[in-house]
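Next, two complexes with subunit A in common: one pairs it with subunit B, the other with subunit C.
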Partner chain A sequence: MSLETPSAVVTAGAAVFAESLVGQAVETVPVAWRPPAGDPAALAAVMGDRRRPGANARAVEAMLATRARLVDVLPAAQVLHLERGELLHAGPPVTWERTSGPMRGALVGALLLEGSADSPEAAERLLRAGAVSWEPCHARGAVGPMAGVVSPSMWMFCLRDEATGHESWCSLNEGLGKVLRYGAYGKEVIDRLQWMGAVLGPLLQHAVRATGPVDVTALVAQMVQMGDEGHNRNRAGTLMFLRELLPALIGSGFPTADVSDAVRFVSGNDHFFLNLVMPTCKLMSLAAAGVPGSSVVTVMSRNGTDFGIQTSGTGERWFTAPANTPEGLFLGGYGPEDANPDIGDSAITETAGLGGMSMATAPAIVRLVGGSVADALATTQRMYDLTVTENPAFAIPVLEFRGAPTGIDVTSVVRSRVLPQINTGMAGRVAGTGQVGAGLVTPPMGCFTQALDALAASVAPPDMRRPGPG
Partner chain B sequence: MRHLELRTGAYVDSVSLMQVSRRLSALDGVRSAMVAMATDLNVVLAAGMGFDVPDASPTEMLVAVDATDEAALAEALADLAAALLASSRPDEGGFGSAPAPLTVRAAAARVDAATVALVSTPGEWAFADAVDAVDAGLHAMVFSDNVPVEQEVALKDRAAAAGVLVMGPDCGTALIGGVGLGFANVVRPGPVGLVAASGTGAQHLMSLLDANDVGISHCLGVGGRDLSTLVGGRSTLQALDLLDLDDATSLIVVVSKPPAPEVAAAVRAHADRLRTPVLLALLGPGQPDLTETAAAVVAAAGGTWTAPEHWPGSVERGRPGGALRGLFAGGTLCEEAMLVATERLGPVYSNIPLDPRWAVGVDLSLHDHHALLDLGDDRLTRGRPHPMIDPSTRVGLLRAQIADPHTSVLLLDVVLGLGAEPDPAGELEPVVRVATAERVPVVVGLVGTRDDPQGLRSQAARLVDAGAWVHLSNAAAARCALDLLAGGAR
Partner chain C sequence: MSLETPSAVVTAGAAVFAESLVGQAVETVPVAWRPPAGDPAALAAVMGDRRRPGANARAVEAMLATRARLVDVLPAAQVLHLERGELLHAGPPVTWERTSGPMRGALVGALLLEGSADSPEAAERLLRAGAVSWEPCHARGAVGPMAGVVSPSMWMFCLRDEATGHESWCSLNEGLGKVLRYGAYGKEVIDRLQWMGAVLGPLLQHAVRATGPVDVTALVAQMVQMGDEGHNRNRAGTLMFLRELLPALIGSGFPTADVSDAVRFVSGNDHFFLNLVMPTCKLMSLAAAGVPGSSVVTVMSRNGTDFGIQTSGTGERWFTAPANTPEGLFLGGYGPEDANPDIGDSAITETAGLGGMSMATAPAIVRLVGGSVADALATTQRMYDLTVTENPAFAIPVLEFRGAPTGIDVTSVVRSRVLPQINTGMAGRVAGTGQVGAGLVTPPMGCFTQALDALAASVAPPDMRRPGPG
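Up next, the complex of A and B:
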C-alpha cells in the first residue's frame, strides 16, 4: 500500500491521539476498546496464527453455501439407530447427579413414553442406577430444543445438504406450556407425544414424501424478512411450512379428523418451525466444522447445568462452564426464582446468525424478551463486530437488508468481552413444571477463554530465525 | 480522611484517568487524588500517597482520595462518577444507529476510507489490535510499548506479506502525507522522507529542518527495536522501499539510536540499491549528533544552515555539589545528551545507560552520580501516560533533584507538537523558579516548530522568564549544562 494522506484513521487506545487527528481534520474511527478476557499469550498465539484468516473465511463460506432440505420424517430408532434404553439430550454431556430439574423431568418423561417405566419414580430409579444411557444430540448430528430429549419412538425431521451430504435431525415440536422439552411429564404430555408418534409423524412423513424435498433454507430466508428471528419467533416460518405441505396433507387419504387435528396442532403452535430452523442451522455449522486454525464457533448449547461450545478448529471437543440464568418476562405467577439455568440446543440458531444475533429483524417480540426496539437494532449491529461475515441469504430489512451476522469468532468475543446474544425460553427449575417464561441470556465467558487456550495450543510456535523481508 | 476502593469491570485509558485525577485533585477539600488502573507502579504511587492498597490486578481501577472531610469526599466521588461517565462517551447516534466498533477489525470494516490504524492499547494486548489492522490492509502505527519482541517480529512478517507497514511497537511519531500520528510536530511539506527508529530523534530532526525551511514528505516510525538483531530491520527496509517509490520524496534520512552492527550493514546495503539518495543518521559514540545531522540534511537538500537559536538563563554557574542531573521525556534526546556528557564527564548513570555498569536501579536513587533519566522508558510507563502527555511525574522528580544537595545543574527536554500536553512550559515554570531561587541552573532543550499548537516562541519565553537556559538544539543544551557544571557559561 502506498503512502497517501490518510482521510480516515482507526484509533484504539488513548483518546488524546484521536483528538489530535480530529484537530487535523482527519476522520477517526475510535474503537470502544476494553482489556480482553483470557490469557494474553493465548490470544497472541491465536491472533498470530497465519492460518486463521483463511480458515475462518473457509468456515463461514461453507456455512453460507449450505442448502438445507427436509427430505423425510422418520422415527429416531430408524434414522439415529437409537436403541431401547438409549436417549439423547441437549447440551454438552452431563451426569445424572448434575442434571437440572427440567432435564430430569424430560428424561423421566421419555422413559414413560417408551414404556420403560410405569411411574416417574421407577423412571428416576432406572436413570439413577445407570440402566439407561444418554448422550448429547450433537454427538449424533442432531439437535433438540430445551431439554432436547429424544427417545427411539419419537419422529424426527430429516434434513440434508445435497452438496456436502451432511444430514441433521430434530424432533417434532410439541407446543408451549406443559411439554416434555420444558421438563413436564404429566399424562397430558405423554398423551400428546403418543398422538404425535401415532398420527402426526406418519402424516408428515406422507406429506413430505408426496411434496418432495422442502427447501427449508429458503423458508428461513423468507421468515427473516417477515419478522421471525428463528429462535423465539417462528410464526411466519410455521405458517409457510404448513402452506407447503397443506395440499399433500389434504390429499393424503388419512382420516379427515386426523388431518384436521394435525393442521390445527401445527397452525396453533407458533414454534413448530423452530424444529426445522435448528437442524438447518446445524447443517450450516457442520459445514463449517473441522477447519484447522479456524476460531469460528460451530456449536453453542446448554444442558440446563452447563453451557458448552465447540469451534471449527478444535473439532468435537466441548468447552463448558456453568450456564447463566436468562432474564426476561415470566408466565402467570412464575418469577425469577422459578427459572432454571439456560437449557437447549436451540442456541444453534445464534451459532448460525439467527435468534438473538438477528434480533433487529423481530421487533414484534422485543417486549417478550424484555427489551426495546432500539435495543434490538443496537444488539444486532453490535453482533456484526463478533462475527466473521454476513449472510446475504438471511437479509434483515430494517438494517437495509444487511445479512445476518454469521460465524462468531472466539477471538472477537474474548477481545471485546461482549458475548453473543441469545433469545430463549425459560424452563421451570423443578422437574415437571414446564415453561415459566422467555428472555435473554448470554454464554459464560469461560467457554470462550477455554476455547482460546485450546486454539492457541494448536498453533506451531513462530520461527524467530527466519530472516527479515530484506 | 482517606478513601480507597478498587472497581472491577471499569476500564478507561490512562490518559483519560490522568485528566480525571487532575480534576479531582483541584477540588476544594481534596488534598490528593489518584484514579488509575491498579498496575504495580500505580499501586506503589498510591502507597507513596499514604494509602494501603490490598492485592489488586491491573484490570481493576484504583480510586484513592484524601479529603479534608466527609462532605468533600462525597463531592469528589460524585465528581468522579460524572467524569467517568463523560470519559466513557456514550454513543452519540440516534435511534437505530450502530454502537461504537468493538475491535480494530470492526472499525476498519465500518469506514472504507481508512488507510491507517493508530494502536495505543496496553502492550500485552496491542498485538491483536495491530494484527487486525494488518489483516484489514491498513498501515499500523503501534504506539504501545511493552510488546514482546517475538510478537513484533510476527507482526512485521505478517505486514510484509500483506504489503502494509508496521510502525512500532513503541513508535511515538509518524507523519504520513502531512498528517501527524502520535507525537508529531507541525512541519511544512517537502522533499525529505524520514525512517525513524527513534521518535523524539525524528521530532528533533524534523523541527531543525523545518526551522531551516526544509520540508518533510513523510516520517515513518519503525519502533526502537527495529534495528536490533532480533527484529533485523524488517520495518526499516520496508519503509525505505515505500519512500523510494514515493514521488514526493527525493532524499531519505534514516535516524536511529545505535543499531546492531550487522543490521546497520544490511540497511546500508539496501539503501545503496535504491534510486533515492539515503543519508544514515545512526547515533552513537563518535557519530554526528542530531543537530549536525540536520545541518548535513539541509546541505544535501540545497538549503543554508542556520544554527538553532538559544537564550541565556539567569543562574550562570552550577550549584556546588558537582552532579549533572537530567530528566528526559524523549529517549533519544536522553541518549544524545548522555553521549555528549560522557565525553567530558566519564560515567553518566541512567535507566537506559550507555554502559551497563552505569545502570540506575528501579528506585531511581542516584547517590552522587551524574545521571540522565529517560522517563518515557517502557518500565516507567506501564499503566501510566507517557511523560510527554503527563508532566506530573517529572515535576515531582525535579523537586526531589533540587532538594538533593548533590545536584549542581538540571537538564531537561521539552517536546512540543501534536499529542503533547498543551502547555509544558506552564507546567514546568513553577519548578524552574524554585530551582532558580535555589541557584540550580536549569537548561532546557526545546524541540518544536513555529507552527506547533503550543507556540515555540511563547513556550521558550516563559521558560527563559522563569530563569531557564533554553536551546533549540538538544546537543547544544547538553553542552551548555556541561559548561555550567564546569564553572560557568562559556
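Up next, the complex of A and C:
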C-alpha cells in the first residue's frame, strides 16, 4: 500500500466503536463479520481436521443417493417390536419431571388408547411411577411429528432404501386440531386413533402391498415443484400419494364405506404426507450417519423441553439445549402465551434440506407461519451458506431450479452464528390443548457448540511422523 | 428551468438518433416509448370515450365476481343441442379451404367417432362437400382446447355461474400425444373417445350429481398457490378435482374396474383439469361481455389459421389476423418446422388472467414451454401494464400474493405495443400427427388494432349540448 492510498478502518461488531471513529473523521468500512460462537480452539481443531472435507463429502453424497420407498404399513408392535408399556416419543431423551404439557398429554393419550389406563389421571400415575418406559423415536430409526408418541397398536409407514438396506418408520398422520401429537387426548382423539388402527392401517397396508413399493423420494421431488416445502406444506404431496394408491384402494374389496372414509380422511388432511416425508428424510440422515470426522448434522429434533442434534462424526450422541419457542401465527383466540417450546422430530425435514431450508419453493407458507415472501426467498438463499451441498433431486423452480440446501455443517453454523431455519407447528403449552398455531423457530446455538466440542475431541493430534502433502 | 440547469435530450425509438447526439457530446435520456400501433385517431377516440373508464370497471368487476361451479356432465347432443352433421371447433370461423392440418385431422376424427364416415378419406369428402357444418365453440358459449372439435356424442362438463345464470361447456380432456384435439384420428384415438363416451362420461355425471356442484373457481384459486398457471400446468388442479369427486366415484356402484380405469385415466393426465379451467374462464368472459364502451378483451382464440379476439364493447364480433407460430420446446424428434400455427380456445385462460399472464406463479413451466424463470417472473410483471385490474381470488404467492393481471385493455396493448403472453401446446402441422411440443406465443397486433377501430366507430361524437363536469 503506498502512502498516497487513503487509509480506512474495517469495523465489525458493536456500532459504537465505528461511530467513534466516524466522529474523528476516520473512514470506516463496516463488515458483517461476527466472532464465531463457541470455543475458537475447538473450531480451529475441527476446521483443521484433515478428514473433514472428505468425510463431509461422503456424508452428503450418501444423503443424496438415498431413494426412499414405502414398502409396507404395519403396527408398531410388529415392526418395531414395541411391547405393552413401551412408548416412543419425539426429540432427545427426557424424564417425566421435565416433559412439557403436550408431551405429557400425548403419553397419557397413548396409554388410554392401549387400554393401559382408564382415565388420564390413572395414566399419569403410571407414567410418574415409572411403570411405563419411553425412549426417542430416533433411537429406533423412527420419527414422529410434534410429540411423536408411538404406542404398540399404532400403524406405521415402513420405508426402505434398497441400496443401503436402511429402514425408517413413522405413524399415520391424524389431521389437525385436537390430535394426540399436539397433546390432546379427549374422546374424539382416542376414537380417531382406534378407527385408524381398525380401518385405515389395514386398508393402507393392503393398498401398499397391492401397489408395490411407492417411490416417496420421487413424490417429494415433485411436491417441491408444486409449492410444498415438505414440513408445513404437504398438499401436493398428499394428493400425489393418494393418487398412487387409488387404484389399489378402489379395487381392495374392503367395504365401500370404509374405502370412502379412508379416502376422505387422507385427502381432507393436507399434512397426511408429512409422515412420509419425515421417514424419507430420516433415511437420508441414516445414510449420512457415522462418517468419522464429518461435521454434517444428521438429526435435529425436539421433545418440547430440549432441542437435540446429532452429527455424522459423533454418531448417536445427543447435543441438547433448551428449545426455543416458535413465533408465528395463531389459531382462533390463541396467542404467544399459549405456545409450548419447539417440539417434534419433524425438523428431520430441515436436516435433509426441506422445510424452512427450502422455504423459497413454498412462498404461500408465509400465510401459515408468518413473515413475508421476500423473507422466505432470502431464508433459503441464506441457508446455502450453512450447507455442504445442494440436492438436484429437490430442485427449487423459483431459484432457477437450484437444488435444496442440504447437509448442515456444524462449523458453518458456529462460524457464521446463522442458525438453520425451521418451519413448525405450535402445540398448546397445556396438556390436552392441541394445536395453537404455526411459526418459525431456530435451534439453540448451544447444540452446535457442544457438537463442535465433541467433534474437536475426536480429532487426532497432528501426526508428526507423516510427511505433509506434496 | 433556469439557464444553469444542464440540458439533455430525451430520446426514443431507433438508437441511431441518440447515438448521433452522443457523438456531439449532448446528454441523452433514452426512454422505452414507442409510437402506438394502429390508427392514432382511433386510439384518441377510444381513450377519450367518457364511457370507457366506467365500462371497463364494470366489465372487470363482473369477471371477478364470477363463481364457476361444475353442475353436470352431459353429451353435447343433449346440452348443446348439437345434431348429427354439426360440429364445433376452436377459434374464429374458418372455411375448409383455410383450415390447418390439425383442425382437419380433428374434424375427420370426429366424423369417424360419430360413424358419419368409415374412413378418413370419406370423412374429408363430406367436409369438403359442405355436407357437415361447423361453427366456433365460442358461438355456443363453449370452449375447446387445441382443435377444440366437439361432436354430438362427446360428453361435456357443464359449468354455471349462479349469480348471472351464465353457462359454459367443455369436452373431457383426452390426455397427451396422439389425441383428437392435436389433430390425430387413428384407431387408438377413436377407441379412447368411445371409452370416454361409454364409461368416463356417465361415471363423471354420476359423481358430479352425487357430489353436488363443485366450486371450480375455488379449485383454480388453490392451484395458483401450487405452481399451476391453469393453461399448461394443471397438476394440482387435476388432483384437487379428483379429490372432490372421489367419495362419489368410489360409492358409485359402477363396476370397480371401470371406476379404477377412470381414476387412473384422470389422475394420469396432468391436463385433465384444463377442460374445467377453460369454461371457468369463459364464464368470466361472458360476465364481462357486452358493456358498451368497454375496451376489455373478452375472447382470445385461434383456429390454427387465424387468431381472433372479441371485446366487451363490440360483442360477438371477431377481429382476426393470421396466427403466429409458438416457439418453445419440442417432443421427441420434432422441431420448429413441424409446428402448426397457434390453435385452440385455451387462450381464454390468458383472457381471464391465467396461463401466460400468471406465469410467475408457475416457474416450473419453463421446463415445458422454454425460457428462464426470470423471464416468467418478468412476464407477469409486464402483463400488469396491459390489464385493468388484479384478481385477488387468484393470488400469486411469489409476487407477495398480488392478484392475477386481469382484463386486458385493447388500448393498453395498442399504446404499448406489448402483447399478451400465451403459454400453449403445439400441434403438428400435418393432420394426424398429434402434439409436437409446447411453447410461448403472442396474438398478432392486427387483432387489437382492428378492435380499436371498431371501438372508435362506436364512440358517439362529443355532445356539445351537455355541460362539462363541475
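Going forward, the second predicted complex is superposed on the first by the 430 of 470 C-alpha atoms of A that agree within 3 Å, B and C clash if a C-alpha of one lies under 4 Å from a C-alpha of the other, contacts with A are read in each partner's own complex, and residues count from 1 in each chain.
As a working rule, a contact is a pair of C-beta atoms (placed from the backbone, for glycine too) under 8 Å apart; a residue touches a chain by one contact, two chains touch by 3 or more.
Remember, it's a predicted structure, so these values are computed and weren't measured experimentally.
Trainee: Quick one: classify A:264 as touching subunit B (first), subunit C (second), both or neither.
Mentor: Touch partner of A:264: subunit C, not subunit B.
Trainee: May I ask you to decide whether A:225 touches subunit B, subunit C, both, or neither, giving the answer as first, second, both or neither?
Mentor: Only subunit C is touched by A:225; subunit B is not.
Trainee: Figure out whether A:374 sits in contact with subunit B (first) or subunit C (second), or with both, or with neither.
Mentor: Both partners.
Trainee: Once the structures are superposed on A, label A:392 by its partner contacts, choosing first (subunit B), second (subunit C), both or neither.
Mentor: A:392: touches no partner chain.
Trainee: Quick one: name whichever of subunit B and subunit C touches more residues of subunit A.
Mentor: Counting contacted residues of subunit A, the larger count belongs to B.
Trainee: Applying the document's definition of touch, where does A:30 land relative to subunit B and subunit C: first, second, both, or neither?
Mentor: After superposing on A, A:30 lies in contact with subunit B but is clear of subunit C.
Trainee: Should A:43 be classified as contacting the first partner (subunit B), the second (subunit C), both, or neither?
Mentor: In the superposition, A:43 contacts subunit B only.
Trainee: Pick out the shared contact residues on subunit A: the ones touching subunit B in one complex and subunit C in the other.
Mentor: Subunit A residues touching both partners: 374, 377, 398.
Trainee: Where on subunit B does subunit A make contact in their complex?
Mentor: Within the complex, subunit B contacts subunit A at residues 11, 13-16, 59, 87, 95-96, 98-111, 113-122, 124-129, 131-133, 135, 137-139, 143-144, 148, 150-151, 153-158, 160, 163-165, 176-182, 218, 220, 230-234, 237-238, 242-243, 245-246, 266, 270, 385, 389, 418-419, 453.
Trainee: For the complex, give me every residue of subunit C touching subunit A.
Mentor: These residues of subunit C touch subunit A: 225-228, 235-236, 239-240, 242-243, 246-247, 249-251, 256-257, 259-260, 263-264, 267, 363-364, 366-367, 372-374, 377, 397-401.
Trainee: Taking the touch rule as given, give the residues of subunit A at its contact with subunit B in the complex, in rising order.
Mentor: For this pair, the touching residues of subunit A are 1-18, 20-21, 23-24, 26-27, 29-36, 40, 43-44, 47-48, 50, 53, 374, 377-378, 381-382, 384-386, 398, 411-412, 415-416, 418, 462, 464, 466-470.
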